[in-house]
């Protein structure tokens, strides 16, 4: 599958605009709880998600607004969720860390680091056992998750059973304030993953073209029955871990250096140089993204809160009468 | 000719029937295949259904329980076997943080139709790391359903009911009950009601799983003293059938809860509290609790037996409740 | 000038003092170092004690909790920080199968002088996977000691007592209490007794951790109606100070237990059962239980607040108990 | 350190005789609960344990009678433990799976597969932090344990913190009835371990000389501050997993083939050929081992049971008055 590079740029812009607005809304107490921004890392979701089919399954972490958006969850329903509204994509129960959309095979939004990896194995197992051919389960996680036992158990199961899983590691170099080097005895993550006997590659996660190309190769292999693939995307988060993080653990210069490599700026320049877009097109993208987000905010504002009478709904399937 | 089936065979029959009836059903766990299951429940099923559907897993409790959740989300009907509740401690993140919360966190979009079977209980000299009775932990968690078959009939029929349920169901099989024989009955059974296993009018004895046969034996013994004991098998630990308890104790005015788990903050506390809440003005004595001594289960046979409620202990505790006294707090040390 | 210290600062002071006093003491956990601790409890300690003793770990709850047990066996006095009780589900095998059993299984040869600190509780819109109050699980397990500081004084002094204890001690810090200010007192404090935080004669309100300030607020409100409420802070969840509860309820004849955990098979059940056992013939009404609604904690503020006992709910439930009625079973849905 | 090869042979014989007697005693219901025999695997414990110092720490699995014996725990106190007697090395509380001996830094005997690996990390950490130099923690585990998350987390911690741990994998090809190939996507276990960035070697676990040599090298490196080493010893258990195992999952011929490689027979032959021992010496070893075990049985038989009044002892440190 070839990706539409203009669409990839547009995807990145949409995520950026959406999340910058989220940060503002957090400041205004419209959004509460934990809020983890993806700003700086957009190239990954923007280049991978368009290559997934609607029949594929997708799982993300608590840093998943961007993924939800590109997977097609309407901005308004994501925003409503973060406002805690009944019309949110999780009925107001989940918030920022737990966006879900069954109609898009989007299985969340998980706030336990590594906790969704076994689910990915199971979803791929179900697809395999039900002979749903060429279906892939894509599972995104941070490099911090790789130290967890659940990573080890899951990737072994997937490789052992040759399951169609794309393991996508978003290596932004920190797990909260813990650097990769203080977390993993082996910092070459693709090498580490390859010890499980599956193809494992590293790409520059700031470069959407590189991410898209590696993904295309991985998906072809997985869809063809080649079993799971591990893809490390090297990236960086420009913002603190969450809105609570004082960001004391990394030098300001390091953050600045990485910001110089802003994937949106760089990719827009590249596409402009190549004549794929021009300044007007890019401006229009920003404008459209702002429109989309403002409409989402208006929608979220206007949406109703869930009735407290329904507090006990959705615990088990039987709804209270 | 249904008499004389064992609890183990009933369980196996239930699995086999479910797998024949619904190809989405499969079994997954450690040594369920070539080994035939640690407790031989799945013996022979590999030959019939093959390694895809009788699926051996590596030692990775968190991984394969989570994979079961994922497979359930993906439309399958997995029966995940955790060898024993002791090892489920490695999978609690998946069970509590994922299986029990997904429906709610997603605003009702996702069901997790997963069945987890595991053995529980002590009594085989397997010592502290292999003798837990932690049903109470699971019974605490909204989003889970928890059952404990104590009869061959429930061993036969709880599984299909669990598989038909759209939510995660945990089945606790007591390892001491596998050789027990009995009638399988005709089914179906539900997963929510307690059962009066023996009617009586002087005292309500509440038990579950491996304590049910002991409670029945104690009731027989007390009958010889002219005492009429009602025995209630909880069957479902979540939800608890509180109205069945209430109905019984409103008649008998006295209750004793027997639990193989530890006493403090365990199942017996909830049953006692619940009965007291609903029957306070009917009670002639405080609800008694007889539970395991608060000690990691020791290996030596005499110590292990002393740690777990035995028939004689139940008889003694019942007499205490009937005398209006309080069953001694803390572990009972046996004569 | 000791007034106005926060619970967070008190905790930090306690850690710092222990580390200065005993070089065997060290802190280990996720982001305790450069980040300063998720809740900023260890902020600044890396600079003072260096990365060996303020030891950052990878995300591997089972691994570093087990390493803490090993280090304790090896003669150190580790303070292991699990960010929140939610993640402790990944470490329960180590805590229950190893830390709590080693002394017994080895016939008393080995002690595990380990302190585990973790936050608990909801109230910050962190949703279902970050809002558990699972203290009751730990309080069920023989071999563990479990405490929950609800005051600045206990935040300051429970840690040294825990470090002096030869057995594993779990300290539950309520995340909502960190900014609370108060007096640190002079210490020391014990790890076994409950404390009467407010004397009264009409009703005993029993609470722990984050529910203590709410219980006190409710008591103040009820006082304006002329009702005299005694508030007991459990402090120690294992062992429970059953005689303190008994002494109080023998005087007040009524009790209400307030718990941030879920109701069924939780801490409130044990407290209610225990009081009923010891005070049955003194009780004028069934012991009331007010606990969180049986639902994974939802994100939306109004739903989360509705799920957790609030001051008004406590006031209403207290009136109910004082009227001889039963506090409604199951989750309370707030007006 | 050089090992005394005669002692290694003697060690193997002592384990074999001890365990064959255990099997009999199980048949007579003197020993109960689970009983896991090490028969066939003796070369590993016999060649490694003599190289440990009394200051080193040791941790084993539930298949640890041999290790306890060679570590120096008296046969009588092990036997008494399995008889459930008060004089047993764990006061009758532990049984076969939970042998302990504080005086020998023998930290058990653990019945949770992989559960002792984090303890090994912690013990080594304590030795390091307390500047006890040249002290090693040796941790034995089966190949089945390597699929567990606790393995992954522990070996990463040990490598990351450069701790003095000898990770000794007793690869007997089965975890109960599950073969290595159905458990690990990567069956080359040393390769798998090396991905954590530590030295990882494989040796023939049926050959005590090979085991001893690799161990000596590993211990020198670890004691010298080189950090953890992973050692895979390829072996085979001649008996079923436990006394409950119907042993249906492996062909009888495979078992027979391995029995042809009985480490005791082979090593006795080698030492005889090399003139290190002769038939009389070997016979005397068997006789002495039988004597030792019979004395142990007599001692265990004669020993008292713990009083039931002491049921609640050793739960917490405060003993009931």
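Per-chain numbering from 1; labels A, B, C and D assigned in written order.
As a convention for this text, contacts are C-beta pairs under 8 Å (C-beta built on N, C-alpha and C of every residue); 3 or more make two chains touch, one makes a residue touch a chain.
Bear in mind that the values here come from a model prediction, so they are computed numbers and not experimental data.
Undergrad: Return the chains shared as contacts by chain B and chain D, ordered by label.
TA: For chain B paired with chain D, the chains in contact with each are A, C, in label order.
Undergrad: Specify the chain most distant from chain B by Cα centroid.
TA: The most remote chain is A.
Undergrad: Need the CA-centroid distance for the pair chain A / chain D, whole Å please.
TA: 46
Undergrad: Compute the distance, rounded to whole Å, between the mean C-alpha positions of chain B and chain C.
TA: Once rounded, the distance between the two centres reads 29 Å.
Undergrad: If you average the CA atoms of chain C and of chain D, how many Å lie between those two points?
TA: Each chain's C-alpha centroid was found; their separation is 40 Å.
Undergrad: When the centre of a chain is set as the mean of its C-alpha atoms, what distance in Å lies between chain A and chain C?
TA: Centre separation, chain A to chain C: 35 Å.
Undergrad: Among the residues of chain C, which are close enough to touch at least two other chains?
TA: 58, 60, 62-63, 86-87, 90, 93, 97, 104-105, 127-129, 142-143, 294-296, 298, in rising order.
Undergrad: Spell out, as numbers or ranges, the residues of chain A touching 2 or more other chains.
TA: If we look for residues of chain A contacting two or more partner chains, we find 90, 92-94, 98, 110, 112, 115, 147-150, 152-153, 156, 160, 182-184, 315.
Undergrad: Line, ring, star, complete or other: which describes how these chains touch one another?
TA: Its topology is that of a complete graph.
Undergrad: Enumerate the contact residues on chain C facing chain A in the complex.
TA: Chain C residues touching chain A: 30-31, 33-36, 38, 56, 58-63, 86-87, 90, 124-130, 293-296, 298-303, 306-307, 331, 333-334.
Undergrad: Using the touch definition from the top, list the residues of chain B that touch chain A in their complex.
TA: Against chain A, the touching part of chain B is residues 24, 26, 52-53, 57-58, 60, 62-76, 78, 93-94, 97-98, 102-111, 142-143, 145, 165-167.
Undergrad: In the complex of these two chains, what residues of chain D are touching chain B?
TA: It comes out as residues 32-34, 81, 84-85, 90, 92-95, 97-98, 110-115, 144-145, 147-150, 175-178, 182-184, 245-246, 248-249, 305-306, 308-309, 311-312, 315.
Undergrad: Looking at the complex, which residues from chain D come into contact with chain C?
TA: 57, 88-94, 98, 100-102, 107-110, 112, 115-127, 129-130, 149-150, 152-154, 156-157, 160, 313-317
Undergrad: For the complex, give me every residue of chain C touching chain B.
TA: 62, 86-87, 89-90, 92-93, 96-97, 100-101, 104-105, 127-129, 132, 136-137, 139-143, 237-240, 242, 261-262, 264-270, 272-274, 276-278, 280, 283, 285-287, 289, 294-296, 298, 326-327, 329
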